[in-house]
Amino acid sequence: MIRAAIQGGTGYTALELLRILLRHPGVEVTAVTSRSETGLVSRVHPSLAGRLNLVFSNPTPDELAGQADVCFCCLPHVASMEAIPSLLAAGLRVIDLSADYRLTDPVVYETWYGHVHTDPTRLGATVYGLPEIYGDRIASQNLIANPGCYTSTSILALAPLLKAGLVRPKGIIIDAKSGVSGAGRSPKVEMLYSECNESFSAYAVGTHRHTPEIEQVLSDVCGEQVDVIFTPHLTPMDRGIFATIYAVPAREVKQAELLETMRQFYAGKPFVHVVEHLPKTKDVSGTNFCHLTARVVKDRVMVLAVLDNLIKGASGVAVQNFNLMYDFDETTGLV
Amino acid sequence: MIRAAIQGGTGYTALELLRILLRHPGVEVTAVTSRSETGLVSRVHPSLAGRLNLVFSNPTPDELAGQADVCFCCLPHVASMEAIPSLLAAGLRVIDLSADYRLTDPVVYETWYGHVHTDPTRLGATVYGLPEIYGDRIASQNLIANPGCYTSTSILALAPLLKAGLVRPKGIIIDAKSGVSGAGRSPKVEMLYSECNESFSAYAVGTHRHTPEIEQVLSDVCGEQVDVIFTPHLTPMDRGIFATIYAVPAREVKQAELLETMRQFYAGKPFVHVVEHLPKTKDVSGTNFCHLTARVVKDRVMVLAVLDNLIKGASGVAVQNFNLMYDFDETTGLV
Amino acid sequence: MIRAAIQGGTGYTALELLRILLRHPGVEVTAVTSRSETGLVSRVHPSLAGRLNLVFSNPTPDELAGQADVCFCCLPHVASMEAIPSLLAAGLRVIDLSADYRLTDPVVYETWYGHVHTDPTRLGATVYGLPEIYGDRIASQNLIANPGCYTSTSILALAPLLKAGLVRPKGIIIDAKSGVSGAGRSPKVEMLYSECNESFSAYAVGTHRHTPEIEQVLSDVCGEQVDVIFTPHLTPMDRGIFATIYAVPAREVKQAELLETMRQFYAGKPFVHVVEHLPKTKDVSGTNFCHLTARVVKDRVMVLAVLDNLIKGASGVAVQNFNLMYDFDETTGLV
Amino acid sequence: MIRAAIQGGTGYTALELLRILLRHPGVEVTAVTSRSETGLVSRVHPSLAGRLNLVFSNPTPDELAGQADVCFCCLPHVASMEAIPSLLAAGLRVIDLSADYRLTDPVVYETWYGHVHTDPTRLGATVYGLPEIYGDRIASQNLIANPGCYTSTSILALAPLLKAGLVRPKGIIIDAKSGVSGAGRSPKVEMLYSECNESFSAYAVGTHRHTPEIEQVLSDVCGEQVDVIFTPHLTPMDRGIFATIYAVPAREVKQAELLETMRQFYAGKPFVHVVEHLPKTKDVSGTNFCHLTARVVKDRVMVLAVLDNLIKGASGVAVQNFNLMYDFDETTGLV
């Protein structure tokens, strides 16, 4: 039984992790930390009432290492890179759900996040935890940078076609739509029900922090500098990301070849399904699956991708990484 | 042209008032006040972009009285009773959308709101601004206590049957369901989209402040002490209140007599419609109408009532009161 | 490995069953039948893409008995009682999700469903599949009448207090609110998104078919004739039932005693949790749990109960019954 | 007082027309027709209870011409072109909300709609009723082709920049998102609440019928053949269209110049507002307004546009056309 801790346990990704880990046969959750909350975890997360008797704790790294083998770190960025070196030093393996270890270049980090990276030597050395791309390198790691939700959607959609040279690395437009849970659990006027409901909006146009993350991984996949315009939108629903992607074909190509290329890329990958029909976010809601399809429309290749932002886009893929790190079947607890 | 000011202009009732007043042919909105916001009102309320060039101001009562004839006061309770005496003294007529002048007894106010009332002499003397009940007393007033949303729904549903002696004043159960906009625009975790969406909940069970307001007005209507159990619920939708009411019949009664009694009570009242079918909140969404019906089920009389909490339950009825105060047709700006 | 068939596989309860059974370690789904659909089940239920390779079939009872040990019957009422005798005769054990075998009296069935019951001898002899009430009788059965969603909510809420004699069996009011998925997948104008969204409504006031089912089981529990007024409402959300229940206390009683009575009743029952706070439907959404609490308000005892209508209210409890019938742990596949 | 009829009065555009026309001071609605419904119009549209006493009728064109001056035709395509020649012959002026008279070329009509056009001589001669583009030609017409909802959004967003030569007519991508009411009121499984809610999807990728309509009008505006990729999506909300548009700049251009060009184009147009902030569909929900903004992101010009599909995208613009045809102020009944 692997003992798991959750660092920063009050938000939605922590709740989703707890839901998954509670049904994982090889895991015991031994600690859920918080600096602001005390008392029963199920008081903050009433869906766990009667199922989890832990109270929030605020242990030192060494205390935490005495209680757990692995730590899922659900702190916000900056707080993550402040906490993780000590967790690692105390002997914990860490799966970091923040953005702090995803980018490889501290200058890029500083540009997009507005903070000097305080643990720069680990940046280039940390594996990006998208198992469909870097699955063979995850098992041996002590620190995994769990990917962003928009990023996973975009990478899973484009990697096969870029790698096969079927679309050009320049001129890619990713028009992405997310459910509101991606915005987290902090009280902000613009995230109130009465603001978001019955409203569709764009935000961070041209400036969203997942842009360099998408470009970095896709460039690594295809060996050329990939350049994307990424536009996130907020949709009145709890969960789900839908990406509508427009790319320039590198040569004449038909839908069948696109789908076949994607199918081959994901052969043996249990969580990505290439489908013929147009997918909907509801098809994958509450699951760790990603559904993809492709079309040729006029002079563009279109890829349409869906996943659940809290699961395949955050906590589910974190457990998928955990499974690889501890030699469980990749799907344990996730289907 | 009557000059109207809105005191406390950043919330949803203020926005709704502005929408209605902008199409009222006899009103010019001359001031929108805020202590926290400055700059264009349409920056906070982008739906008014291009339609309202006012900036938020923070005038003294005398300055405001120089700019306006009437003030719609959208401050929260306590703040309202602190502001209104000065507004009245400066010569403004006031329609108060808060709860501060609705109850007639300062002891009851203190019990339910936890504050000593600082303007107690006006309590018993202020008209409760529900035009279907007190319409003949509104025209001459300088201060109107605009009713609460749950209260209006409950009173409009029960007044005809209580007045006619068809149901008993004791043992009434009001099971009410509201859209989320009733909770206002303050950032609270429990009002986040991701908390409210896809969730139905009860709150303030047995303790909601509209309870004494309902009992006070209905007791006045029927001349006996009315006693209700009032249970509010939160429904994942923007607007609308649905009240399902269970009352004990005072004698054997059939549905036809109930409906006829209600129809006669509201004869000539333009905003209350007694219907045969079961109403839905969507039937009255965005309007100042209230739809009512009644049924006999086993040993109970049931009344079902719907209205839009922001309009007939707040800003629409405020304009209805304004129309009566300034001798406009009661429906001006409201249909 | 138990081989399971789903009879009538195109609706929401069938989909939910498939989702649960696909992660049940002791079940293989061997057939999904339909009279209207052919081809891959995952074409109708795209959320199963890549996870279930079955095609819809339309076998005879004997063919089905050759393929499966147990049949989850998801046919509508009437169709169910026409199919089930042959399924049983062919040797299948059957869990019927329709209403056809829930009532014990064929006259009551005919009154509420408008059809003569064609298999009346099985009516009184079929166990009502609510494991928290009849759990000790389920293991040995070949036919289980899976309960209705409103019914389960109401019974779980009231059974402990009625059995303990804390509330009276007369004068009970159940004001229930359901998500829209309870209405099924047939195309009807009134179930269109644009009709239901942003709307709250009541339906079948005084006439809903779950009324006699609630009364029958609760009467059996407490040994007296229970009489309820049951009012169902439609809430703009996918899933969840919320029941607000008003009952007359049989003697003076406090909240603590109510909660303690409920806790003792459900001691050792893994899926019912008695909570102190006011529950929300979202707390149990996507799960087989039911959360309950109680309050004393004026002269009434109130019970508030939530569950997921498609899971604890339909397909989850069906698998719970299956687990009892095949000697699996009651929670297998359900947590 | 102009007498108006609504042909085909059971759908959402008809309801929205009725709501607007009931508050228009210069209109009396004298007939609402239906071939399928009889009885009170307010029985089908309960939001009109107590406000409209008309019953559905099924008059001949001559009978209708005796009752009305103008007919708003809300029939589906094909039915529209079968009815309209007789309505015009009978002396009615017609505002057609279907697609039948929007395209100028009968071959294009047949290609996209799969029907031979039966009134081809009127095709090239009918004015496209988008007042911001063709406002000076509307007053004198007897037949107006009211625009499609996606089309209006796309044209209003792109016309100023194409006309000014700031973006190229080729390579335009319109990624559009619509509320569900655009799908109409026919009962279809895929439009059920339980299918659409909590789900985001694309449909008609590369094949939506508004594509040639957008290209035709924009080509007319800029004098060059415009070519667009148009992708519609379904969003879980009642109303609103959001268009995210990517165009190739014709020369280096900054955001300020884009906004200024758009502002000048819409100077004096009361319903189109160019804003600095990113608009949301809720900003214009329930109104006849369109909000637009522009951005420069990498090598693309982006335009973001919102309007209410049932009002500015259908029934509101129909009344705007009516106002121009009958010399009312363009905003009468619409603000």
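We just call them A, B, C and D in the order they show up, numbering each chain from 1.
Operating definition for what follows: contacts are C-beta pairs under 8 Å (C-beta built on N, C-alpha and C of every residue); 3 or more make two chains touch, one makes a residue touch a chain.
Note that the structure is predicted; figures quoted are calculated from it, not measured.
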So which chain is the furthest away from chain B, centre to centre on CA atoms? A
Contact counts by the stated rule: is the higher one at A-B or B-D? A-B
Inter-centroid spacing, chain D versus chain B (mean Cα positions, whole Å): 36
Once you find the CA centre of chain A and the CA centre of chain D, what distance in Å lies between them? 40
Need the CA-centroid distance for the pair chain A / chain B, whole Å please. 45
Contacts with 2+ other chains: residues of chain D: 195, 197-198, 236-238, 279-280, 282, 285
Complex contact set, residues of chain C against chain D: 12, 180-181, 183, 185-189, 191-198, 236-238
Which of the residues in chain B end up touching chain C in this complex? 171, 173, 175, 177, 179, 195, 197-203, 205-206, 227, 229, 231, 233, 235-240, 242, 244, 246, 278-282, 285, 295, 297-300, 302, 304, 306
Quick check: in the complex, which residue numbers of chain C touch chain A? 22-23, 43, 46-47, 49-51, 198, 273, 275, 277, 279-280, 282-287, 289, 291, 335
